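Following: one structure in structure tokens, then a few remarks.
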Amino acid sequence: MSYETDIKDALAAYKAGKLTDDEIVEKFHELSITDLGYAQLDHDRSLRRGFPEVVYCEGKSLQQAAEILQVLAARHGNVLGTRASRELYDIVKTRLPDAKYFDQARLIVLEKEPLAKDPDHKIAVITAGTSDVPIAEEAAITAELMGNEVIRIYDVGVAGIHRLLGKVEEIRSANLIVVIAGMEGALASVVGGLVDKPVIAVPTSVGYGANFKGLSALLGMLNSCSAGVAVVNIDNGFGAGRMASIINHLR
Amino acid sequence: MSYETDIKDALAAYKAGKLTDDEIVEKFHELSITDLGYAQLDHDRSLRRGFPEVVYCEGKSLQQAAEILQVLAARHGNVLGTRASRELYDIVKTRLPDAKYFDQARLIVLEKEPLAKDPDHKIAVITAGTSDVPIAEEAAITAELMGNEVIRIYDVGVAGIHRLLGKVEEIRSANLIVVIAGMEGALASVVGGLVDKPVIAVPTSVGYGANFKGLSALLGMLNSCSAGVAVVNIDNGFGAGRMASIINHLR
Amino acid sequence: MSYETDIKDALAAYKAGKLTDDEIVEKFHELSITDLGYAQLDHDRSLRRGFPEVVYCEGKSLQQAAEILQVLAARHGNVLGTRASRELYDIVKTRLPDAKYFDQARLIVLEKEPLAKDPDHKIAVITAGTSDVPIAEEAAITAELMGNEVIRIYDVGVAGIHRLLGKVEEIRSANLIVVIAGMEGALASVVGGLVDKPVIAVPTSVGYGANFKGLSALLGMLNSCSAGVAVVNIDNGFGAGRMASIINHLR
Amino acid sequence: MSYETDIKDALAAYKAGKLTDDEIVEKFHELSITDLGYAQLDHDRSLRRGFPEVVYCEGKSLQQAAEILQVLAARHGNVLGTRASRELYDIVKTRLPDAKYFDQARLIVLEKEPLAKDPDHKIAVITAGTSDVPIAEEAAITAELMGNEVIRIYDVGVAGIHRLLGKVEEIRSANLIVVIAGMEGALASVVGGLVDKPVIAVPTSVGYGANFKGLSALLGMLNSCSAGVAVVNIDNGFGAGRMASIINHLR
Amino acid sequence: MSYETDIKDALAAYKAGKLTDDEIVEKFHELSITDLGYAQLDHDRSLRRGFPEVVYCEGKSLQQAAEILQVLAARHGNVLGTRASRELYDIVKTRLPDAKYFDQARLIVLEKEPLAKDPDHKIAVITAGTSDVPIAEEAAITAELMGNEVIRIYDVGVAGIHRLLGKVEEIRSANLIVVIAGMEGALASVVGGLVDKPVIAVPTSVGYGANFKGLSALLGMLNSCSAGVAVVNIDNGFGAGRMASIINHLR
Amino acid sequence: MSYETDIKDALAAYKAGKLTDDEIVEKFHELSITDLGYAQLDHDRSLRRGFPEVVYCEGKSLQQAAEILQVLAARHGNVLGTRASRELYDIVKTRLPDAKYFDQARLIVLEKEPLAKDPDHKIAVITAGTSDVPIAEEAAITAELMGNEVIRIYDVGVAGIHRLLGKVEEIRSANLIVVIAGMEGALASVVGGLVDKPVIAVPTSVGYGANFKGLSALLGMLNSCSAGVAVVNIDNGFGAGRMASIINHLR
Amino acid sequence: MSYETDIKDALAAYKAGKLTDDEIVEKFHELSITDLGYAQLDHDRSLRRGFPEVVYCEGKSLQQAAEILQVLAARHGNVLGTRASRELYDIVKTRLPDAKYFDQARLIVLEKEPLAKDPDHKIAVITAGTSDVPIAEEAAITAELMGNEVIRIYDVGVAGIHRLLGKVEEIRSANLIVVIAGMEGALASVVGGLVDKPVIAVPTSVGYGANFKGLSALLGMLNSCSAGVAVVNIDNGFGAGRMASIINHLR
Amino acid sequence: MSYETDIKDALAAYKAGKLTDDEIVEKFHELSITDLGYAQLDHDRSLRRGFPEVVYCEGKSLQQAAEILQVLAARHGNVLGTRASRELYDIVKTRLPDAKYFDQARLIVLEKEPLAKDPDHKIAVITAGTSDVPIAEEAAITAELMGNEVIRIYDVGVAGIHRLLGKVEEIRSANLIVVIAGMEGALASVVGGLVDKPVIAVPTSVGYGANFKGLSALLGMLNSCSAGVAVVNIDNGFGAGRMASIINHLR
């Protein structure tokens, strides 16, 4: 039984006089936050932001991460775990058999009720190289789960600009673009100059020495000479997918 | 006579047989780029991205900047010069008497044909402190010039959280939010957690020592624990206003 | 037999004429510092600073760390080893069977005579996320061992500000607050703005790419726009707990 | 007429039936925040944190800073402006003739009702060198204004350790210590090892090349091998004085 | 009378028996290095590297710089002073009336015997923006002075990629390319992918905040995903022009 | 059957009327790019830049890297995989039995048709120390594979300058020089001062603490006081070899 | 009357019974430290370290610096002020007419009793370029004032290695060497490899962009591949001269 | 048979007419450098710098390192390998059975003819903490091997300043001091202020988060407020021992 149903039941009981004023307030609080001691699960966020709390799994113990995912799954239809190891997934699937694991993207996904996708508002996810694909998949799957159609265009970095130019029409067909690139991150600027849609840029930590774990791409993208480019954290595919989805649902 | 009219005239002349094939191609090229030697002014961008080329005035000589603004003004209705000194403005206004100067924002604006603004799609521009206001004005005026209604909410930093909480309804009435903050940049995260709209964050170089010219706010915003936050360059009010406008015109 | 007893015995013997002037001076020196060659154990510090020397175990060999803990335990009632591995603990407990190990906090604790705790002077330990809990436990257990009552409030980061607001009364009931946060470290500023008590902020190395191993949270906290915030080293839960205890015992 | 009086008057009027429910709520809001457009002055903070809002003058225009100081002075007894230029002071004193200016510390102070100082709870402010004195004065005057007795001990850096050792008794007589040092910042560690009181450390930007504008002292203090040391931002004398005052008023 | 003539005269005198063995050795040393105390002018380098010693004027006093230029001019045909102020030039031209000054490029040039230029081996100098032109002129004039024909193509940054694509044939006609760009430095990668000639990349310190004085462009260019790109120091137009000339004279 | 043959066959078929206009265009596109989904293999680059696409293997899965190498090998004569693990090679050699593996250089090489080498245009590859040899081998083998004779001179760092001086004639016999050095990277400057040929400098991440993973050598080389030095990324032996080969083939 | 005389007088008076025990202790303290409030002048250091306290003038007000110099001059024979402006000197010479000013080195020197210099223990001060000369003069004059003969060898950087090689015998004649270089700092390594004497290296902030205010030379020197090199702070000519003098007086 | 003997034999043979001029020159070259391809072993350095070439083992393959050590051992009496793993030692001792291994210091030492040590010229090696001991041992053993008596004083960091003060006489008895400290590196400044001997400071990478792998201690030591302090690379115990030995042998 989902969180939304619980709340409606409580309101019905209150209307029917089965709950006092104090009891309904207490009930609301109880329903809105699950306190696990080491975590405060915030169910209202699902309503406020359109999707249940996402679990960043890295840095949590396997037991903590698994328990949080389970509690959220019991309350909400869809759940997303990011930066999840396969080891965690092996524990999670004993509790949530329908959960799927995406290896490259390191995502655990439980999608009970897929959200509708508007084919006239696509998100293009573009990478400079093959090594950027895992981050791109994190962004693409996140966006899909949050109800967006995604066009994937991978390995079209600026070293061979005609590969990119051959895809311009396809890119322009999207409502907004997520550009994922390591090294110098130049792809964001070039794409930003070619289209009149917003570009969400994700620097990746891919590259040789003076890349300094993504710093070169990060600075490159922040200094993009194209307007219409904004940047999320290094390797933060999830954040880009999430941001893209929020923008894509504006009307 | 504007650029758009010139193109239409050329096409009419061609249809009427007054221009050969070679002549019309030559005419197009001539019309689309003005080559000043030190600058290639790209008039097509006006069509592609919905607004004429913006002139970043810093780093150009006064003469160069003034000439570029004049050439663009001759071709397009509206022109914007960013990072402009008052000294430059004094030169520009002898050539473009209708140009206005915004002191705090350091913008030169020539707005012949104000663009329509949709009151149901406002952009909120929020600052953490009073010292962030110049960057905020750069963002707000840019957005207004590009056809957006702007709500200004200044000095609501997180050190006095109830000031911000008192403005939540007003903030939520906007279609998207630009958050401008120096120091630790925490305002972006807090706003990102309070609303379900996209947040464009602008770190500013305002602050004491370990701010390192905006680095602290930049890193803080990139690491925002709230989803739905993307970042532009330090002190880049123009870039934020431009990005916000592009997103705000998506339907 | 503890260090304090030894000193009193020596003084008694001296008074009774059983020790010459030279012998008592020699005795004092011998008692106050144990020289292990690779380490000078400073027993006087226990008196000067109110608690025996704490052993930072990382960077010492297992044998060195174990021997130091044992020597201190022989002299003092309570002993604390920080950054201790379970491997070290396995060695230590063969020598000090009463020693306890705290997994998350990586602390070895020998608490023979628990210090009194004043319920009117509590320390609140607050984290932004679940991943910050190990550092929080290091701070909390340190503070408890040094004679303080601790309130733990975990996972109340600013992305969901109402979780924090729901705890304000509880936080205000404390005498001072330790705030532990990674990513942008914004929680310190927000808490600093909500309470009129000192805030000790601990940046953690938790987070995505541009976190740069805690640098983002460190700079964020140093640039806090709230007065009443001071910062300790990245991931230094022990230091925060120790500092909090020293302040909390001022009258 | 001060802010506190205004509030009491309003409450009396309400009790006397001269104000309706709606009117008193409106009155409260009006009294608690003065909205200047570019600044939201938060008068409640005076009650919550024990002293009126402090104005960080740098980055504000002279007119803005002067107006804010004047509004606060009209509401509250005591007002403090930090990072204030003499140029600003020249404007301020035409509006607030009783305001004083401290050159080295760059503070504007209006102290109508000096707060009581407890001679048993002194704050020691210590510098490593003469060049650190301006930051020290910012800390010391702030602490005095907020109701603390201050001991000043300047130029006792570790290069001549006996100068410091000769002051140990005086330092130990204080309830807590503010240590201000540039270069390597070693004074904080040495003082932290000599006393059992909390040390608030302020790195300064004083020094030769690889000081990197205070970074060396900042890192040095954060890595202090002494427990009981916490750090504020580079050159942030005000922050240290404020933090010290908050701690010093705990009982 | 030039250095080369002096040496030949000495050899003739030696052959004619007018100089002893010791005298000729002494003469050679005297001719090859002029010792000014604060500078050792190395005339042999002219022979070894094909052009007289270039004088980096910044950091030298006006008198020192002027004297060095004068001594070199007396010995060699052509002389180049880089990072030269107009103030220095005003002194120099009183001593070397034929010297010219290039304002943007900040070069002092004395070109007595222009070197031959091979029209089949041109160097293209390309900039991303107008603000990069001063550095480009430093590179271009250096290359011309060292005997190279230069093609200048300015303001063709990647934000408007078609401006660059329109110049590809012209760029490909060169033997090698110097690419000068600030901000993210993406132009180097794009050009490197379009041509099969070596690219010497010069990052410039042009740009907004997170440019960090050229660091973003530097890292971007070092991480270029295109092979055939090597990088010189930030704003080092001279170095690029010199390197390009050395490569361009290989056969 | 190689890519070049395929293209010629297609053209012959077209001429012979066996392919329509549409079919030949379709055929060209099909031949020029192989789309593997995660990678766009660009066969034209082979023509444009004189050698097939090189595969940067790090960051790709073993399966991806192996498949890309295989596809390229089927089209082109020679193939190069950089940053390749032995584990990858074990997979590759089952598909391409003629492929060789270079352990130190971490290169996979398939060389079906060795390119001609001009003995009058040698490339010298020089290292400062023995620890730099793996990067040097990456550069040297790359250059050889691309048709250049290579002189290897290893371990001639500036700490024993006479070792280098003893090799000057040999170095001068080369057409250009690749200098590979870690630590302070001084070798590039010294070599740059000794020869009149271009120097491509490769900083390596070899060294003690303040080397900061190659930063010291990188900065050292960028700041080289010798003209005629340009720099590639840290540890980028391949890039240096490739750049050297491009320059070495200019005539 | 100098400090040393004062102490001897006091001791004589004490012996003669003119001073009590308490009086002599009081006298000693009074003589050993002059407390100016903002500075503690430590006269004993003169005895302990062989030369009076040196005054770092930057960061002190003109009045403070002048007063400190005057007090020290009254007590000691020789006084040294570093980083002194000419403006300060103009004040100082009204009080100390014998004081001299060294423009380049920015030193104020009062040398009443020149110390003896041992011609068999010379210090060589070497620079890479002319721009490094001011720092070199700071080192050389410091060393001379402290009783050392100095050999100056300027502008022998590694870009023209034969200039350096021509000076090797002269360099080897010194007892130790101070090497001063900006840019990549390579001169320290080369000199370190050529001589068997200790090298004190001073990085300077001389250079182009990626020099980052001396960081490149600093890291280069710290990573020197030559043993026998130790480093002082960027631009710290005084520190190097002082260190060299201390070493040079060891026997 | 050692290198020195070989040279003398060759000279004798030459004198006796058994070697021609050409043969003796060839012989000398052959004797002075052993070319292993990947390494140039420079036997003359033994004479020039007073000790055979030291082998930095990290970054070399086990086979390379072992072979180099063996070749040097065959030529010279004493050999030193730094940063050596036990795994390497296991190989080395099969070839050089007399070689010893020092675990903490990671040194391989072959000492056939111990050098004489002068008891009047001791080197003190001091550490701040126990974790710094491995680096200290690297310095101490290096210095001993090079003919110096060493006093070890470990774990006397400034947090307990009286531990250090109790050792001052012992420290002053040395001719020079090596100070090894991590964290803030303050010990170097304090020791530098207490003694009038040169201090060689070694920053270590020991410490918590904002230590940034030794950067905090490095900057701290470079900014030491004490004169007479020079710094070597982070964790470079060998370099410090070597530098100390060179200085200690000056007379």
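Think of it as A, B, C, D, E, F, G and H in the order they're written, each chain with its own count starting at 1.
Definition applied: a contact is a pair of C-beta atoms (placed from the backbone, for glycine too) under 8 Å apart; a residue touches a chain by one contact, two chains touch by 3 or more.
Model, not experiment: these values are computed from the prediction.
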{"item": "Shortest chain-hopping distance from subunit B out to subunit H", "value": "2"}
{"item": "Centroid-based (C-alpha) most distant chain relative to subunit D", "value": "F"}
{"item": "Pair sharing more residue contacts (C-beta pairs) when F-G is set against F-H", "value": "F-G"}
{"item": "Distance between the centres, which are taken as Cα means, of subunit G and subunit D, whole angstrom", "value": "38"}
{"item": "Centre distance in Å when subunit E and subunit G are each reduced to the mean of their C-alpha atoms", "value": "38"}
{"item": "Gap in Å, rounded to a whole number, between the CA centres of subunit D and subunit A", "value": "43"}
{"item": "Residue list for subunit A, restricted to those that touch at least two other chains", "value": "129, 160, 207-208, 210-212, 215, 218, 222-223, 227, 233-234, 239"}
{"item": "All pairs of touching chains, each written as two labels joined by a dash", "value": "A-B, A-C, A-E, A-F, B-C, B-D, B-E, C-D, C-H, D-G, D-H, E-F, E-G, F-G, F-H, G-H"}
{"item": "Contact footprint of subunit F on subunit G as seen in their complex", "value": "128-129, 157-161, 182-186, 189-190, 192-194, 207-208, 210-212, 215-217, 219-227"}
{"item": "Residue numbers on subunit H that touch subunit G, as the complex places them", "value": "48-50, 54, 175-176, 196-198, 200, 218, 222-223, 227-234, 238-240, 242-243, 246-248, 250-251"}
{"item": "Subunit C to subunit H touching residues, read off their complex", "value": "33, 37-40, 42, 44-45, 56, 58-60, 64, 68, 203, 205, 213-215, 218, 233-236, 239"}
{"item": "Subunit H residues within the subunit C interface of the complex", "value": "129-131, 133, 152, 154-156, 160, 162-163, 166, 206, 208-212"}
